[in-house]
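Just dropping this structure here.
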Amino acid sequence: MSERNDDFITYELQEFKLFEPLFRWARKKSLWIVAFCTGCGGIEMPPLATARYDFERFGIMPNPAPRMGDLFLITGYVTPKTLKRIIITYEMMQDPKYVMIHGSCPINGGVYWDSYNVVKQFDKYLPVDVAIAGCMPRPEAVMDGIMEIMRKIESGKADGWKRYRDNYEWYKKNQDELFGEGWREKEGKRWLAWI
Amino acid sequence: MDMNEKPKVEEKAEEVAEAPRLPNTKEGRLVKAILEKAPYAEGSIRRERRVEFKVPADRIHEFLEVASEKFEILIQITTVDWLKEGEFELVYQLWSVSESVHAFVRTRIPRENAEMPTVMDIWPVAETYEREAHEFFGIIFKGNPRLGPFILEPREYEKHPFRKDFNMIGYVKMIYGEDFDRYDESKTNYVI
Amino acid sequence: MIGIDWKIVLEVIGMLIYATFMGFIFMGIERKAMARIQRRVGPPLYQPILDTLKLLGKKESVSHGLIYDFGPVFALGATITALLFIPIANFQLFSSNADLIVVAYLLEVPMLGIMLGAMSSGNPYSAVGVQRGLLTMVAMQLPYGLALIAIVQHWGSFKLSEIVALQSVHGWSITVPALLLAFIVFDIVFQAMLGLEPFDIITAPAEISMGPMLEYGGKHAALLFTQHAVQLFAETAFFAVLFLGGASNLIELLIKQIAVLFIAIFVASIYPRFTIDQAAKFFWKWPTIIGIIAVLLTV
Amino acid sequence: MINDLMILIFAPLVAGILAWAFDVRGIREAIGFIGAAIPVVILAKTYQTVLSNSINYTITVGGFKLIFQLTALNWYFAAVAAIVGIAMALGMISTSRSGYEWLFALMSYTGVLGVFLSQDFIGFFLLWELMTFASFMMVLRNNRHESLKYFVLSVIGAYAMMLGIAILYAKTGALDFATIRQALYMDLSIGAISKGESALLFVLFLTAFGVKAGAFPLHVWAPGAYSEANQSYTSFFSGALSKAGVYGILLLYILMGAKLYAEFGTFHGHLTFAYVIAWIGAITVVVASFLAVLQEDIRKLFAYSSVGQVGYILLAFGVGTSLGFAGGLFHVLSHAVFKGLFWLVTAAIILQTGKTKFKDMGGLAEKMPFTFAMGLIAVLSLSGIPPMAGFASKWLIYEAAIQAHMPLVAGAIFLGSGLAFAYVVRFLYAVWFGQRPSDLDNVKEAPLPLLIGMAILAIPNILFGVAPGLVTEYINKAFGSEIVGGDYFKLVTPTGTYNALLVTIVLVLGLAIAGLVFLYGATTRKIPVTNTYQSGNPVIEDYNLSIRRNFYKPLAEALDFWLKYSWDRFYERIAGIAEDFADTLRQSFYNGNVQSYSWYLAIVLLILALWGVL
């Protein structure tokens, strides 16, 4: 399965010369969140959509399909098992995609710093654009994070996806180091009995 | 193993008399009824709506069959690792819907290659609890078809991580290497 | 065969741009109104345009095969065709060449395009979405047919322009009691055709994550969004032409379309979602009975 | 000119016998193909003459005068049978295994042509029986039980027709259609045939033709017979043979129309007897379509769909207005064409994969691209998508039904077309898309003759879809009056218009605009079927990613109240009862010892004596 990923990396991107500023504005004003609540912070996202904070004002909408989504919220601690799903979903998202991590666990392991089952540094496996501190940050902090990522998109600095493409080998080495070589095949086979 | 289960502090005062005088409450009558049918067990009442039984390991299956008439639901199989006494303590938590009483049925089994008969024939739900207990403590439940790696990654499964003798800091250092950087060899002063 | 007279060509191009733009604005109104009902601020009206531009602007595009690309293109093409055969306000476009049955069928065809593409993506969720979409369509076909038959029998003609002319003379269709029943039936079916709340079984966001549209991203999704916008405009126009007496100018048509849209939005923001066999049973019970009564009254 | 008709009718039979005689792979295919091609040539040659006057030919066989006539109307039916016949021949070149199949296929081809051309009941009945016998032999070769069911129902139909002919002969003293028609017309005033007798005649002829057309209560044989016969022959079986039943209903109108109208009058403005036919057609459409949606076998699905589509034609004739007849006739052509195409596509699939159930097929679109394209054309045509012939004929039927103030019947068509859309997409999904099972990886494209056969049937689908005027103009000539106006590309009826060419052009423009928007975006990159979103879980080859079994389970649950009753089981139970009765009869009476026989004789003689006859 691994060689299939390489063409996913070597595939050339579409550069829109004429309408780039328009598309950048559109990307800023309409972010779709991939509805994949990874950790304990998943419950922190719905308050943002309710009447008090309402991120729909900024055109943000939770969207269950990764192919259409472009903002990936990593909310809460990341276990190796979830990280495999996150990596697969991240690679399915279409290219200008951004990752926002909530809470201190994905940053440096946080409260579970000594646990065998929590990934200590999320940044080694997937590129991160905005990190929000706090053991589950309050909705105000998350809204500020959203503002931050919109500013980065506007200024073009939100290039997590470009970093992933450029040094894909490094990310892949870290992933294989944690899960072992060809972990997609093994994982698929393991759950075959239950499907 | 329950995260939110407050650690069991062994009760200091043993039951004083051989035949404890059970108060004539709902729980008392319930315990008396079960103790007649299972003389090998000792029952006591912790508080209102909570009852406790101690059962020797070899008679556990028989006792649970007796208890299952009154206690319809098996809530959880909790396992406590007494490293110093070299024993696992298995707590079958039962709930009686008819009398709304919560029962703790405790047994003690030796730590090395711990063996237990499965209770799936009484409560099919026990399969999941037994698989969990097996994965985290390595207790073999004879008769449970699906023992083996359940939630954890296969690598952690071999370690049976919840046993007290599992050196977690060393294992994590081996797995995550340099980005596991905030610890001090001696456990005395953690650096957060 | 037909002489290319430039008046129609300009009208068509102008109407397409106007319809797409207004379709997006309708989607914006839909999202804004639902937000305001939930006491939220809600996105700006032009939000769907932004979403489509963002999707179109994606730097990468993935496809599961030729038919996977052909599906959305066919859906958008069919919706544009359906739009051009409806008499919109004072522009007749091509409506003199086709009648009620042709337009009713052309409005069904985009469903085939989406199903074609969704099936070829080989994803179980989209397969369940296709199954539900087809069952909803089968369920709503009978009431939809009965409502159309009631109108045709009352006005005695299939040509949409003739129906509009008759309505301007004898008053709107909904003033006739029998056609009021047909109006109710058509409104329920209209709700299902747009995939709004009680019948959004097709793209059930929580259950089967976006249903058929699950594997669509980037420009395919942009095509589907444009198709949804044009379909929204075409169906509200069709609704207005049949029941609210068409319109002499665009503004009047716009008001009627927004009125129809708001009925759908208010119903959508209240009702929870049907399961698919409840929907089938529901469609074959109440709308069909009302439809049969309407049809028998107008014979 | 005269013996043209004889060549036309009996050429296939002769070719069939020759093909059966020279049972060599190469030769019998060639003979069979020539036998199927001759009618097409003759029909093309006689097209001009038929428009003006009719060609007649009478021969006397054993005291009976057989009259054969080729008028504009039965030229149309013969042409439909010829197109499907030539496609069947091409299909059978690659799928037939022995001369036996060629013999009986071409024999049924002769039977159908004879039925369409004969102008008297003797020739009609004989060739009708020939056709039924030949198709029965085709089904007998593969499955005894299904052929037995088909045989029993056809025999019931034949006896009904025999009785009807006998009553007519007794009443009018004539057997050829012209005199019968004249006699019945004059009979309006004399009243020789009472109301009860004409009702009996109507019921008899209705069952006779209903069996062949697969009308509702008698449709039970169709799924079994259509799916068990050799698949490319089934394209002729369901494309042309079912049209014989429908031609019979048309014959009923021509011969007894006036009489039945006089006897039964009208009901809410429709002819009573026509209203009955319309409702039978409507029920057939709904029941057959619902059953077709829930099928698991590709052949059963198309069999029920054929029954449903013939229900459309019955319904169109039942409407009774001239527009109804025009719609029905157009649907005869479009059904023969797209259903024949479907059956050839099924033949190709079964030939190449050897599988017939949906659950072990899938993802064949890349492996058999041409067959897939033909299948897509047939899908668009059957589900009635505007640029195709299927839509033009359905549009005419809708117009006729609603214009004739038959709302509930028109409602049934709407439901039927929705269901047609559903089961056709089910076929597309289960066979062409989704994940390909591992054992279908080395499937190749269908053999050449089959592909040519499919192409022959696909062209009229598109041609008559874009230019429906060709067909309606011919139908106007056949009926003599201007039913459907408009030029080649535009159909104009008193209440509605449909410009097929303009719809096609605008659809192409729409596709072009959508294509432009598509091309503007990023270039697409092909990914394997396992790269799909399963909520993040890794997907590997041996996951089953497509729903191939009971795709419409919710519909089956919604309909479980109606699905409990099935005419098939009802007939099987009757057959069981009849069998038990026969067994008891055999045990008790014919028990083999002579004493009981002598007793029976004595009793019978006694009764006769008492009756004073002896």
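By written order: A, B, C and D. Residues from 1 in each chain.
In this section, a residue touches a chain if its C-beta (ideal position, glycine included) is under 8 Å from a C-beta of that chain, and two chains touch if they have at least 3 such contacts.
Here the structure is a predicted model, which is why all the values come from computation and not from measurement.
Common neighbours of chain B and chain D, listed by label, are A.
Remark: the per-chain Cα centre closest to the mean position of all protein Cα atoms belongs to C.
Among the remaining chains, the Cα-based centre furthest from that of chain A is the centre of D.
Comparing the chain pairs A-C and A-D, the larger number of C-beta pairs in contact belongs to A-C. Separating the centre of chain C from that of chain D, both taken as means of CA atoms, is a distance of 35 Å.
Centres computed as Cα averages put chain A at a distance of 58 Å from chain D. Computed from the mean C-alpha positions, the centre of chain B lies at a distance of 60 Å from the centre of chain C.
In chain C, the residues that reach two or more other chains under the touch definition are 56, 58-62, 209, 214-215, 218.
Multi-chain contact residues of chain D (touching two or more other chains) are listed as 521-523, 525, 531, 533, 535. The set of chain B residues touching two or more other chains is empty.
Which chains touch which is summed up as A-B, A-C, A-D, C-D. Residue ranges on chain D touching chain C, taken from their complex, read 268, 293, 363, 365-366, 383-386, 391, 395, 398-399, 402, 405, 407-408, 410-411, 413-415, 417-419, 421-422, 425-426, 428-429, 433-435, 489-490, 495-499, 501-503, 506-515, 517-518, 520-527, 529, 531-535, 545-547, 551-552, 554-555, 557-558. Partner chain D is touched in their complex by these residues of chain C: 1-2, 16, 56, 58-65, 67, 69, 72-81, 84-85, 94, 96-102, 105-106, 108-109, 112, 115-116, 119-125, 127-128, 130-132, 134-135, 137-138, 140-142, 144-146, 148-150, 152-153, 156-159, 209, 214-215, 218-220, 222-223, 226, 275-277, 280-281, 284, 291-292, 295-296, 298-299. Partner chain D is touched in their complex by these residues of chain A: 1, 4, 7-8, 11, 13-14, 36, 65-67, 84-86, 88-89, 92, 184-185, 187-189, 191-192, 195. Note for the complex: chain C touches chain A at residues 31, 35, 38-44, 47, 50-51, 53-62, 205-206, 209-210, 213-218, 221. Across the complex, chain C is touched by residues 11, 13-16, 19, 22-23, 25-27, 29-30, 32, 35, 50-51, 54, 56-57, 59, 61, 63-68, 70, 93-96 of chain A.
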